[in-house]
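Two complexes come next, and they have one chain in common, chain A, joined by chain B in the first and chain C in the second.
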Partner chain A sequence: MAEPVLSVQNLVTRFHTADGVVRAVDGVSFDLMPGGSLGIVGESGCGKSVTHLSFLGLIPQPPGKIEGGKALFKGKDLLAMKPGELRKVRGNDIAVIFQDPMTSLNPVLKISLQMTEGMMIHKGASRAEAEARALELLRAVGIPSPEKRFHDYPHQFSGGMRQRVMIAMALMCEPAALIADEPTTALDVTIQAQILELIQKMRKETGVAVILITHDLGVVASVCEDILVMYAGRVVESAATGPLFARPLHPYTFSLLRSIPRLDAERKERLFSIPGLPPDLIHNPPGCSFNPRCPFAVKRCFSKEPPLTEIGPGRKVACWVDIESKKERAT
Partner chain B sequence: MLRYVARRLLTAIPVLWIIVTITFFMMRLAPGGPFSRERVMPAEVQKMIEERYHLDEPLVKQYFRYMGNLLRGDLGPSFRYKDRSVNEIIAAGLPTTLQLGSLALLFALLVGIPAGCLAAFRQNSAVDYAAMSFSMVGVSVPNFVVLSTLIYFFAVKLKILTVSGWGRWDQMICPVVALGLMYSAYIARLSRAGMLEVIRQDFIRTARAKGLPERLVIMGAAILTGSLIIETISGVPGIGREFVNSALNRDYTLTIGTVILYSGFLIIFNLAVDIVYAFLDPRIVYE
Partner chain C sequence: MSVSPLLSLRDVKVHFPIRTGLIRRRITGCIRAVNGVSFDIEKGETLGLVGESGCGKTTAAKAILGLEKTAAGEITFDGQNIAGLRGENLRMIYKDLQVIYQDPYASLNPRMTVLQIVTEPLACFNVMNARERQARAEELLETVGLDPRYIRRYPHEFSGGQRQRIGIARALALNPSLIICDEPVSALDVSIRAQIINLLEDLQNKYHFSYLFIAHDLSVVRHISNRVAVMYLGKIVEIADSKDIYASPAHPYTKALLSAIPIPDPEVEAKRRRIILTGDVPGPDSEIPGCAFASRCPVKIDRCEKESPALREIAPGHSASCFLA
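Right, the complex of A and B next:
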């Protein structure tokens, strides 16, 4: 089997704030295969962004602190790298697209400069080379007559166009991995679909491995081969997309799936929503962090945190209960 | 852009006219006059002086006389300094004031902006605390105290600078630094606040995620911060304020002359600031 491009193992990141220690990422592990696509799903605040910001060296330190784990990129641990080394990986080997294209581009610099500066720095490319590549990518992501728009400023583009520019910019250095952190959340629904399609297309054309972060299971379903479900800083379930949708194993995944609107559902049914709120990550009660909202919880769920366990080929879940039989799993 | 500048300059004319008119009448309405002293003057002398300066005419007539002269560029005779016109007084003082003012501002920008930016990037570090305490001192200590301290050490004790005078660099350093220090303290605080606002924005994270060296990340932030600072810098007080002392002397013509000059400066300065602002921030478009 091929080596993963990126292998995150037991990542722990905490924020030491005045209110207490925020356990933002609490032992997250995953593998991203070359050319693969992994979706990370979870409610707002569950640690999706902090996960990738941690191994890219982008969390503010202090208050943030990476307290454990490894993040192997092509076998080298990103967490052990000096800031200078890690900087050479960012944007060059691993690129990121952020949520809000309206604010993610510098308003006072031309698109041409913002797109080309990374390639000139990482690859030592000349301005002409970088501009040629940028124009080629702008065309590929569907910016009409890019030569005309190239020297415009970000505010002269619409939101969807800016996100296309962000995608083109991320691909400038031919990265091995692309992290898209809620790339469609700030966009209109029709534009969302176009952007997802574009990410798919660029993945097929360039072979870049994609991590797609979202709180919308519907989004990952169409794009990702594998899915990681996060809750309160931990991975609660991981599986290939098909099996996960067909047969969710964690009560949280189960509830998430029930809360997706379906076209074939009866009209009179109200859309399901998960009762309660996600826990704050400072005061962790004992046991499983989903227990206050879980319809399947048994006694053990309130005393002991379930570990992420492999229970079938390619399927991992962190739950004491087998939700199909509603019985406690044998351990 | 040119049309915008022309329009701004045209609108400045009625503004100046209103300023002159208000100043003119306010000066006359205030109790006391240029020649009222403790010592009582003989009535004839008083009358002669008033005639000479047309103070015996009705106020409205005085006003039109003054405005007529003003249109010809004549600011009138000084009431205080006998035999000198306001034009002469201003012409004598202006170059020095302008030099002092602009050198002090230059010094302030060169010291204040880097200090403020550094403090923002090393927020809550020793550098930050040092820069901010220093600027607190700069804002609160009056500049004549700074000036005398500088002169005492560098001119009297160490004898590397000159105590007074203007024109050679060793005479200029002390006053420029003394005046500039106060502005720089202001500008440092402004830049720090502006920079902190800017570096919290998403595009700074994007710049880091692209793997840009910190130097370039800071530069990207600094341009936007620059436009924030420019936006507020027109509020830095005191540029040319030393002119207005003559108001206390009841020297009617000199006061109005300096007020006109000061207002003209402010108008041009603000216009320049707006133009630089548009230059730094492409989202600003004037038409």
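Right, the complex of A and C next:
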């Protein structure tokens, strides 16, 4: 088995606010394999973005604080690196695409400058080399006549085109891992389909490993090989995409999948709905965070937090109950 | 059906002038946000209106509500032409016509209590005295699934889903016959959406009003609507029963839109053939002689670029505006 490109182990990030301690990321672990694609799914506030912001050193500290864990990138711990060392990794070995292409590009700089800057700094490339690579990538991501558009400003591009520029920019330094944080949420569905296909294509062509962070289960179903489901700062289930959708084992995943109206399903009278509200990360209930909303909860769920346990090859779930037999699991 | 529809739009247009010059006086063009839209909503029916951002679906809703001036066309509500109504005459239609907005954070006044918010429509029309209004507010909160004891609280004390419930209670206060829902669930968390969709459906079953349900998410729209209208660049390109729109979409844009929506099932996804549209939407200020979709259409013929296809019935209750449908 190959070594993972990125191995996050037991990451804990907390925010110390005036209202109390927010347990944003609470013991998250995962491995990203070379050339693999991992989907991280969860609702707003579940810690899916804070996870990658933590190991990339992008959390404002204070109020944020990384209180534990490791993030091994090619064997080196990102969390133990000095800011200067981490800066050499960020944008070079690990690149990020953010949700909103409007705000993540600098509006007063031409895209030619923004695209080449990273490669010139990280790789010591000359301007001509960097520009040649940028043009090649712009063509690869499907910008029509890139030579003409190269010296345009971000506002001269549409939302979808801007996200293509972001993807090209992220790939400039041939990163080993690409983190796409809700890359299509701000886009229309027909444009979303284009961008997802582009991410797939670039992954196949360049071998970059991708982490796709989203709240949309449909998006990960079509793009990712493995999936991590997060709830209240913790991983509640992890599995390969096929088995996860065919047999969700955590009550949250199970309920969420049933509560989404599906385009291909018969129109039902009522949707299955998850009662209650997403958790407040300051005042988490004792036991499992999902317990107030869980249809399967047993006594133990209210006192003891279930650990993420391997229950089959490649399948992990953090739940005291086997929802298929409705029986409590032995430890 | 011989009964006249509750709401009927005939060739409604909303144009925004493009102003240039130092004091923005010169009008150099216009954006055709809504460019000839016609549809009917029957009593007790839900019509879904879908389309991508900028297609004019919200502007159409604003035109119905009298918040945007129409350039042409007729809007008939309850037998009365309401296009161009102003002042007191316009105000009176809100007794029967209410709206639920997308953003539950922006649509509730942060300085008003829930009681004030929910009873404001009653106060506007001088319905009931103070005590009756409070009783009505408590009843409404209960109807939308909130604890009536929260009546003295302010919006910031509630979560997004709860705020949306307050917005729904406000829309219900006067027992309207039509509620326009503009993206009512897209700002909410995935696990909360189903609660609100179910609530909207339950309320309709109980009070038998109609919805105009505007959203960009076709799977949500198909679930809640009886009929679905698909908009593209200010025009309706297809309108059909929600069953038919999925089973037999006729317009190439509807087909592409349906195929672009990811289905949360990897097995289904693997078998699907996705129509990836090339290109971007043309700007709404450009004058397009032919079909507005021609620039991105995978099956266009020469005629599409010269002539604009009219919306025509291709099967009972199913219309599309495409020469090839």
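One rule holds for everything that comes next: the second predicted complex is superposed on the first by the 325 of 331 C-alpha atoms of A that agree within 3 Å, B and C clash if a C-alpha of one lies under 4 Å from a C-alpha of the other, contacts with A are read in each partner's own complex, and residues count from 1 in each chain.
Keep in mind that, in the parts below, contacts are C-beta pairs under 8 Å (C-beta built on N, C-alpha and C of every residue); 3 or more make two chains touch, one makes a residue touch a chain.
Remember, it's a predicted structure, so these values are computed and weren't measured experimentally.
**Q** After superposition on the shared chain, which partner residues are touched by A:18: those of chain B (first), chain C (second), both, or neither?
**A** Once the two structures are laid over each other on A, A:18 reaches no partner at all.
**Q** Once chain A of both complexes is superposed, is A:109 in touch with chain B (first), chain C (second), both, or neither?
**A** It touches chain B, and chain C stays clear.
**Q** Have a look and say if chain B or chain C is in touch with more residues of chain A.
**A** The partner making contact with more of chain A's residues is C.
**Q** State whether A:218 touches chain B only (first), chain C only (second), both chains, or neither.
**A** Only chain C is touched by A:218; chain B is not.
**Q** After lining up the shared chain so the two structures overlap, which partner does A:96 touch, if you call chain B first and chain C second: first, second, both or neither?
**A** first
**Q** Between chain B and chain C, whom does A:128 touch in the aligned arrangement: first, second, both, or neither?
**A** Neither partner.
**Q** Could you say whether A:2 touches chain B, chain C, both of them, or neither, answering first, second, both or neither?
**A** neither
**Q** Between chain B and chain C, whom does A:190 touch in the aligned arrangement: first, second, both, or neither?
**A** second
**Q** In the complex formed with chain A, which residues of chain B make contact?
**A** For chain B paired with chain A, touching residues are 201-203, 205-213, 216, 220, 223-224, 227, 280-283.
**Q** Residues of chain C touching chain A in their complex?
**A** Of all residues in chain C, those touching chain A are 52-53, 159, 161-162, 189-195, 197-198, 201, 216-220, 222-224, 242-243, 246, 256-269, 274, 276-277, 280-281.
**Q** Hey, which residues of chain A end up touching chain C in the complex?
**A** 43-44, 158, 160-161, 188-194, 196-197, 215-219, 221-222, 241-242, 245-246, 255-257, 259-264, 267-268, 270-275, 277-278, 293
**Q** Can you tell me which positions in chain A touch chain B when the two form their complex?
**A** So the residues of chain A touching chain B come out as 56, 58, 87-92, 95-96, 98, 100, 103-110, 117-118, 121-122, 153, 155, 166, 169.
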